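The data blocks that follow each hold one structure.
Same chain, two partners: chain A is paired with chain B first, then with chain C.
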Partner chain A sequence: MPERTVTVASRSGLHARPAKIFVQAVARQGTAVRIRVGDGKPVPANSMLAVLSLGAGHGTEVTLDADGPGAEEVLDSLADLLSRDLDAEEAPGA
Partner chain B sequence: MPEPVLDALRGLGISPGRAAGRVHKMAGPPLLPAPVAVADTGVETARAVRGLESAAGELTARAEGAAEPAAREILEAQAMIAADPLLRESVEQRVAAGSDAAHAIDAACAEHREALLAAGGYFAERASDLDDIKNRAVAAVLGLPMPGLPAPGHPFVLAADDLAPADTVNLDPGVVVALVTEKGGPTSHTAILARALGIPAVVACPGVMSIADGTWSSVDGGTGEVRAGIDEQTAAEVERSARAARDRLATATGPGRTADGHPVKLLLNIGSVADIPAGSPAEGVGLFRSEFLFLDRRTAPTHQEQTGAYEAVLRAFPEATVVIRTLDAGTDKPLPFLGLPEELNPALGVRGLRVSRRSPEVLDAQLDALAEAARASGTSPWVMAPMVTTPGEAADFARRARARGLADVGVMVEVPAAALHAHRLLDELDFLSIGTNDLSQYTFASDRQHGELADLLDPWQPALLQLIAQCAEAGRAAGKPVGVCGEAAADPLLATVLVGLGVTSLSMSARSVPAVRDALARHTLDQCREHARLALAAADPGAARAAVREAAAA
Partner chain C sequence: MAETAPLPLDPRAVRLNEEADGRDDAIRRCGEVLVEVGAVEASYIDAMLERERSISTYVGEGVAIPHGTLVAKDAVHHDAICVLRFPGGVDWDGEQVAVCVGIAARGDGHIRLLSELAQILLEPEQAQALREATEVSDVIRLLQPSREEPSE
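== the complex of A and B ==
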């Protein structure tokens, strides 16, 4: 199954705004994406609760996986999102 | 109309001032009835899912109504959790296993709450979101009123069991004239919020949730007295006299002093020049947190940027004391450009001056910029370092600051070791500033964010006051100033105690200055010393407050 391992760049980790932006992006893709920390159990990446429960702070390496058509592109775009500091990016309309 | 029965309640006054209005209670969390046998799991699942959807809908609506972008973000995230596919799945599984909708929601939220708590750190803080979601969804399923802020359409006294941040993001201080809670302590969210908004508040007030909605009541946020069942005319009189008192406080100006003229500098805690109000009520700046320059950045600010920001603050108070604290960051307050690794126990790790062990160039650059800002503005700022532990650290900091021509050098006393050796620190320094919030945290081994340990972090704790007394005594012996910044300095009654202990300046937010100035002006130095003696001798914070309040009223 295609995978991407990426370091969480957001200052607050996968928490607060970054978690929200990431989970929303996954939900928009329509592809089942899973996320895990290290060798941990993969959890559905479209679940805010599951993503928060990873406890992935700033600098944590996370691995995304997905299957099916378009999985590679979906993983690329999500990995790119995680490698940016989403805390530093302006909120729309803020 | 409710029956006009006068009922005098008493709690802990934690945000001074008086107010009166009709009481409206925040609907409490719904109580779970006994489990019900489920006849049709399909119908029950639909009920449970509708409950979750109502909670998500309500949170989304609140998010849309939130004025603050930060508050909106928090509520949007909560709405996402309420609509979370995993949460829905857990609820469905529980109904399928025979649970009724309300119990299924309750159990599913509890399960995910545990998972968040297990993630630890700031992830665990989101656990309370699940309580909020559970209460809303269960209320929807049971057909009970949605918990949350009441909206009676007129100004009111808000009564609640306790207030969580989620309850108060939409709180309008123009509509809520006072806060009263059954539970909570002096460092609870309610207390911090009330002081920030400048509205009278009483916490730990048993019986307030038994007052009928709409009952005219008066609240005294100083004495902690709540009188329920007053008539409308009395309420109007209380409001009139409270307004007059506020006006009187606001118009009083001049330097801080006791009734017999003993001077006590009243200074401001600020984060940037924007925090200094026009016609500032204070005599200078007691704590300029320089962190804002460093936030949101991947690289350190340039020399010009730093110099410009310091100069702006120094020029705002050209004749007065301005105390600038060097960067207070570390693994507990991470800044990306410092590149510090995560720590198991950040509050006890590399923070404050300790960052200079790894990156001395950051502090040196900041001292260079401060020295240049001082020359350019023709002022002489006081410079202090945060989180200093030993006289050796103090000496090193003083040497580096003085080498650049900065003459007045001090440190924050936040660690008990520093307080115990205050006299040795003062051998190296020109002044001390006591950061009571961190000093409490370290003295009482209690995390500042830990709600269950709030009583240990009460600034009236006699052991904390003892450490402050020791610092003040060292200052008196050395003839050097010892100030206090932090929540403690903003409590008017506690301010008299601090002055009695020998503290020479008090630093607080601009909003707190008038009430503290007024409290000092009404007591002589000898009375303040008596207050200090009573507070130090008390068995606990409650007894300390009571003894000093009684002495102040006599």
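== the complex of A and C ==
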């Protein structure tokens, strides 16, 4: 299954605001994406509670995986999103 | 009661029968409770409202987690949460909120707090128990972070 490992760039980590932006972006893709920290259990990336439960701070490496058509592109765009400081940006489309 | 609470949840910060006239009013109530228990300065309340306007803190399961912006960290005296239950529900941009967990955290404290809270709410039975809690002790017990740690 295609994967991307990326370091969380948001200053405050993958918590409420950056997490929401990320979860909304996943939901728009319509592809099942999972996220995990290290060797932890992968959780659905379109669930706010699941993403928050990871406790991923600034600088935490997270791994995304997805399957199916377009998975590579979806993962690229989501990895790109996480590698930006989402605290410093307006929510896209929100 | 010791001057500083060892747990981020002070029993005095649990309010089970709140009413609010909309989202902002509910957030103000959360902020006021955090002020009352000495966790934040009053200026933190405006930061909570500002954060909410920027992006909703609704997380699912009828729960919202209002908290301040990064700039407001200086208004935080110590990490704390408050739990306000709104039996009548609060309209939260179209979502129905039954419980607000207000969060005050300095530094990276919020990451751990949010993670613990999210892990609790991911269990539907626990989320329901929180929404329907009628005793402060029930809420405290539900939100004890160190009950069972999953084995690494």
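The rule is short, and it goes like this: the second predicted complex is superposed on the first by the 89 of 94 C-alpha atoms of A that agree within 3 Å, B and C clash if a C-alpha of one lies under 4 Å from a C-alpha of the other, contacts with A are read in each partner's own complex, and residues count from 1 in each chain.
In the analysis below, contacts are C-beta pairs under 8 Å (C-beta built on N, C-alpha and C of every residue); 3 or more make two chains touch, one makes a residue touch a chain.
Small disclaimer: the values here were computed from a predicted structure and weren't measured.
Undergrad: Between chain B and chain C, whom does A:G59 touch in the aligned arrangement: first, second, both, or neither?
TA: first
Undergrad: A:A50 in the overlay: touching chain B, chain C, both, or neither? Say first, second, both or neither.
TA: both
Undergrad: Between chain B and chain C, whom does A:D80 touch in the aligned arrangement: first, second, both, or neither?
TA: neither
Undergrad: So in the superposed three-chain picture, is A:K20 touching just chain B, just chain C, both, or none of them (first/second/both/neither)?
TA: It touches chain B and chain C both.
Undergrad: So, does A:E72 touch the first partner chain B, the second partner chain C, both, or neither?
TA: It touches nothing on chain B or chain C.
Undergrad: In the superposed model, does chain B or chain C contact more residues of chain A?
TA: Comparing chain B with chain C, the partner touching more chain A residues is B.
Undergrad: Taking the superposition on A as described, I'd like to know which of chain B and chain C A:S12 touches: first, second, both or neither.
TA: In the superposed model, A:S12 contacts both chain B and chain C.
Undergrad: Both chain B and chain C touch chain A; at which residues?
TA: In chain A, residues 11-13, 15-17, 20, 47-50, 52-55, 57-58, 87, 91, 94 are touched by chain B and also by chain C.
Undergrad: For a test of understanding, state which residues of chain A touch chain C in their complex under the given definition.
TA: These residues of chain A touch chain C: 11-13, 15-17, 20-21, 47-58, 87, 91, 94.
Undergrad: What part of chain A is in contact with chain B in the complex they form?
TA: Residue list for chain A touching chain B: 11-13, 15-17, 19-20, 23-24, 43-44, 46-50, 52-55, 57-59, 85, 87-88, 91, 93-94.
Undergrad: Note which residues of chain C are touching chain A in the complex, please.
TA: Listed in rising order, the residues are 51, 54-57, 59-61, 65, 67, 70, 108, 110-112, 114-119, 121-122.
Undergrad: Where on chain B does chain A make contact in their complex?
TA: Listed in rising order, the residues are 69, 73-74, 76-77, 80-81, 84-87, 112, 115-116, 118-123, 126, 296, 298, 334, 336, 341-342.
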